[in-house]
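You will see two complexes here that share chain A, one where it goes with chain B and one where it goes with chain C.
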Partner chain A sequence: MSGEAGQQAPKASRPRATTSSWRASWRRYRREHRWLRWAIPLAIIVLAFSYPWWGLEGPLSFIFNDGLGIDNDTLFNMSVYVMLALGLNVVVGYAGLLDLGYVAFFALGAYTLGWFGSGLFSTRDIHFLDTNATRLPGIHLSFWAVVILAGAVCAFAGVLIGWPTLRLRGDYLAIVTLGFGEIIPDVFRNGDSIAGHNLTGGVRGVTQLDRPGFGDTLHNATGGILPVRYNSLELRPWFWTILVMMLITIFVNLRLRDSKLGRAWIAVREDEIAASAMGVPLMRTKLWAYAIGAIFGGFAGAVYGSFINGIFPTGFSFQISVIVLVMVIVGGMGNIWGVIAGAMLVSWLNFRGLDKIGEWINGGIPGSGNDIAIAKYKFGIFGGLLVIMMLFRPEGLIPSSRRKAEFAEGEGTATLYDVRT
Partner chain B sequence: MADPGAKNILEAVQVRKEFGGLIAVNDVDFVIPQGSIVSLIGPNGAGKTTFFNILTGVYKPTAGGVIFDGAPISGLPPHKVTALGMARTFQNIRLFHNMTALENVLVAMHSRIKGGVWRSIFRTPALKREEQGARERARELLAFSGLPGREDAYAKNLSYGDQRRLEVARALASEPQLLLLDEPSAGMNPEETANFTEFVSTLRAEHDITVLLIEHDMRVVMGISDRVTVLDYGEKIAEGLPKEIQHDERVIEAYLGTAATA
Partner chain C sequence: MGAVLAAGIGYWLIKNAVESPDRFLEVTLIGITNGSIYALVALGYTLVYGIIELINFAHGDNFMLGSFQTNGIVNAGSFQIPFFPTSFVLAIPLGAAATANSSSGQKIYTILACLFFSMLFCMVINVSIERIGYKPLRDQPRLVPLITALGFSFILQDVGLIWRGAGPQPLPNILPTGTIFHWRGATYSWDDFIVIAVTIPLLVALTYLVRRTRSGKAMRATAQDMDASSMMGINVDRTISFTFALGGALAGAAGAIYALYIGTTKFDLGFRLGLFAFTAAVLGGIGNLSGAVLGGIVLGLIQAYTEGFWDARWTTTVVFSVLIAILVFRPSGILGEQVPEGQ
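Right, the complex of A and B next:
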């Protein structure tokens, strides 16, 4: 929570001429009022959790639900993408590893749910605290256990993929990760007959997935607050679930950023040779970034798979990797608040915004013929957005102070020569 | 000052490095007695920095070996060499430019603090204490190296001299027994150079650190070195006390050249 929240405290200081003194006085105000340290995050969290009451329905629904089209579905999708963007932020923003195959972990997380929370292996009959109404054939572990398992599987896969690839640098790493992002959905597509076993459901994917739930005991113990099992009619618990997971992601992001590991990530991004000469083990440090990013991708994948109640290899295309990367870049690499803002903006545009903008244009501009399908130009628009960002604000919407400094660097300060690396 | 009976903290035996057909370091034998200040000099392109990079693990020697504190280290990656107690600075400053001075120093403590992912996420009391201690030490080191009060300045915003100081502070943060300085006085004015020479002597006297210096400034070299080794075209052409080196014919020839090679 740094200076970007400065506008929210009009009483904090007398108006000054420049934003920098604004920020300085805001920072001073915050130092003097320690309670703001927890009050502001708390207010934001309460606001986010109560969205169904003021945004979906209620006083502001005419703006958010009707105007911007942020309904239950869109809200859930946006939250999933915020989580993905925060996961990728560890890899790209902190450690500076350009990963173009992040969708692989999203997919793997979803398929982990397919393996441990569906009837895919219908000849098996394994149950552990699952909350289904009847005893279904297949492997059904508790949804929460599956989520953790998805994180573990993705971390393992991250290390496995990272081991050979993270030795590469820059463009080469990007190309290899892009390859993995393409390979993994293909493996799932063709995984319906591996040595005679159907492991992934092939092109038909996996359907009828388990849903989150707390079971009868917890339901009764909390007086009916925690649902026995989520359903597709009452969507608010889904949103709250992903919100809690998002908060955990943010918390871990923040804590790691300020740790020994976080410093090592930035050092590796800045100068690998110097970092390793100062005692930072390069592979270990990068693998941690990759694995932690993968874990969050896995969490998001498992919840997403359950929400749409179907996992298909076509659902995990290269486009997702690109869109998540666009979110991180547009928002401001390395800054959590920037990444969240970028993810919300881009995912809103992706799921509803472009449709809505199309409606406004078609309805508002006479003679437009009411038939401009803006959403069809989606990737053209995102490409354009990225180019515009790179030209006018390469550090992102809300950059970290470090990134801002990086982009402010003149050519004159660039190193002219270098030892062979 | 180098006691002849002292053990050698570092021994390089027949070290050789080839880049394709170029022999950058040609079978060099080299020792650093514990507690001494040893200088490595030679004309440009003599292989000094390559030799440095072999000692610190950036390069693997083509042949020969390096023994540090009694254990062979050639082939170890740089971070392991650093963990064993060898630290270095770079000829062309390689700070983490977009990190603060304090963060730069903290990074170098990597092999000396425990950290731990779970401990960091939950910020356990033990971890808090460790971080606090590390920050405290980092501040002390910055003050000791002549950068008091500059903790929160981004490295790239420091003046050239301060950047050099920060490089040394950062190297010291890894708690080395042997400190390798690659042309530390490059770009310094005579006063700064004199201060720096003093600083290096203090390091040895008060912190018990052995120093290997690559240096072009002969006043520095002759002023503080116990021994001097001269490289030319990758070969060791002379070794001895500063006084002896000053009058060595091959050294004079290497620096000033003869009619045939000038």
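Right, the complex of A and C next:
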């Protein structure tokens, strides 16, 4: 018996050895050719930005196209969710705080645009660099100012929510965030008659939102490259805008990961007490994670609200919180590239992929009866993804090596999310 | 600050009670009736949390499937087993279909069949989930089984959606509707009473099981210290499965009563109601059985007073605010929490 085991051992380890040697040679190659460090990201960025020219009717169209000839719609939604997933990654992946109410910040960002960039308060007449064609009633600030404002409002809300709750132990914190995720859309739903004032438009939501734009001056100064204001038919500027915001998000995430604050987050995640003993201020570190995660949620919410040109309380359900969490978990908590991949995969499945797969099955397999309504299985598929990932690969598809070690270690992680103060 | 808040709420309640005592009585009775359903669901949360410190998110959706089972028994008269992910449903005829005009004997048979088979159904689901999903993850960080539970919650919702469709599922009222007593404008009828009449024996049986039997003793020991109890020869795996079976049975009973009493169910019912019930469990003190019952009743009253004297639209906000306030200010709940030691 022992002889057999001894013979099997090298067999089992051989494939792993080849992978690691492949990886090692790639790593060596990268080290020798330093230009790859910036050439690869640059190539990806150029490919992404030029997508509307080569991809719109091109080779990838069968993956993204929704049948209306506008596949930027899918990519726009995917980019919004990449931003959300990266924001949640700061909270869940870096700092290790389970947030089940992330949708609250998404909603708050969207409603910030509703407050400062629409005709909701039609009795007011406040304008600041807005790019609407005529002087509309209501509060209209410049779209870019509103996006920053949305981030600020969400950061404030994150601190406000985090202040009393972040001292709770892990699963209680999850429940509290879930509670906030339910309360905030509920307040927006019922906010049409708070002390007689219509603050949120109630179930009818807010429509006719301001769109991003650069105004006449910049439009003329750049020779017509920057549009005066975006419209709903020409989707390319939207796509490029969200791409830029996504890149900023990725950049900030990368820099944060390698910053003093990022190291503090990881220390808190791995062992709160040890981190505290080493002089990491627990509350402040956690609050920063909360606030920064919230900021990205706010940015994404404002742009998304403007893009779909309507904000409705029903659009901010618990499902969104869970789907964003699925993205972070499937991709690999704490690893930016994993999270981006997970977010792109899951949001593509959510917006287009499941329908596409349904079409392929119905069209391609003769016996299927052409009647598989795949949308019905959405809940089950995402739920199943969560369960399968947790059972077989809790560190995610592309985990950060550090996180993987934490999960493999087992013992030390038992108290990871479980510190009472 | 808490005292000021409590005084304010007390003043508001007394003011309403004096202004319209009959309405206050009626609202209170509704609160107690709904609260006992919450209590049954909350017990499932508290049992599981007390033993393995897991918030079983799938519990509320399990309750929903129980209510669907009852719906099927009353409408079609058969015990149904849905096969996921297809829409194939295996129906075992029981002859238990009933309408409002059926004979009393048939109605009693149907109600008993609903209770029994819903409990059985939810029990099997709960134990299966524990075996498939939670057992392999017992030594993982707490976040891991919690996310698994979330995944199971979504899967069970999908089972409900494919089994019955997205719309509300009505069923005929087969509970007796006569009035027990009448005071000014307030009435208390038999169907309200039956909810409590079913709940209380279940609670007594549960208390007996946990306090007096060997399995109950094993449960309490496992809840205190899993390692030590396994060293004492307690089969920890079986005890945990038994706990999940108890929780599932209570969810099934609650589902049956809910469907019979409210008269309609829906596939997404479990999420909201499950969270309310979890709030009840936290309110009473998580892991504490009598706390869950008390919390359920208190939560039912909170909901009833909010809807009766203020505005039904704000119920969700009020209940979740209560949840957050308790977790922040008094995480051990009213009666104190009872969770495994040494954490």
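We take it that the second predicted complex is superposed on the first by the 379 of 421 C-alpha atoms of A that agree within 3 Å, B and C clash if a C-alpha of one lies under 4 Å from a C-alpha of the other, contacts with A are read in each partner's own complex, and residues count from 1 in each chain.
We take it that a contact is a pair of C-beta atoms (placed from the backbone, for glycine too) under 8 Å apart; a residue touches a chain by one contact, two chains touch by 3 or more.
Everything numeric here is computed off the predicted structure, so don't read it as measured data.
Once the complexes are laid over each other on chain A, chain B and chain C both fit without any clash. Rounded to the nearest 10, the angle at the Cα centre of chain A between the centres of chain B and chain C is 80 degrees. In the superposed model, A:A145 makes contact with neither chain B nor chain C.
In the superposition on chain A, no contact is made by A:A375 with either chain B or chain C. Applying the stated contact rule after C-alpha superposition, one finds that A:L386 touches chain C and leaves chain B untouched. When the two structures are aligned on the shared chain, A:L98 is found in touch with chain C, with no touch to chain B. Once the two complexes are laid over each other on the shared chain, residue contacts for A:L226 go to neither chain B nor chain C. By the touch criterion defined above, A:D271 lies against chain B but remains apart from chain C after alignment on the C-alpha atoms of chain A. When the two structures are aligned on the shared chain, A:L282 is found in touch with chain B, with no touch to chain C. When the two complexes are superposed, the chain touching more residues of chain A, out of chain B and chain C, is C. Between chain B and chain C the least C-alpha distance in the superposed model amounts to 14 Å.
The intersection of chain A residues touching chain B with those touching chain C, taken from the two complexes, comprises 413, 415, 417-418.
Those residues of chain B whose C-beta lies close enough to touch chain A in the complex are 49, 53, 56, 58, 77-80, 82-83, 87-88, 90-92, 94-99, 103, 106-113, 115, 117, 120-123, 154, 156, 170-171, 173-174. Of all the residues in chain A, the ones that touch chain C in their complex are 96, 98, 100, 164-165, 168, 170-172, 174-176, 178-180, 182-183, 186-187, 189-190, 318, 322, 325, 329, 376-380, 382-387, 390-391, 394, 407, 410, 413-418, 420. Residues 53-55, 84-85, 133, 136-137, 139-148, 150-159, 161-162, 271, 275, 278, 282, 311, 313-314, 316-317, 320-321, 323-324, 327-328, 331, 343 of chain C are the ones that touch chain A when the two sit in their complex.
By the touch criterion given at the top, residues 251-252, 255-256, 259-264, 266-267, 270-271, 273-282, 288, 292, 402-403, 405-406, 409, 413, 415, 417-419 of chain A touch chain B in their complex.
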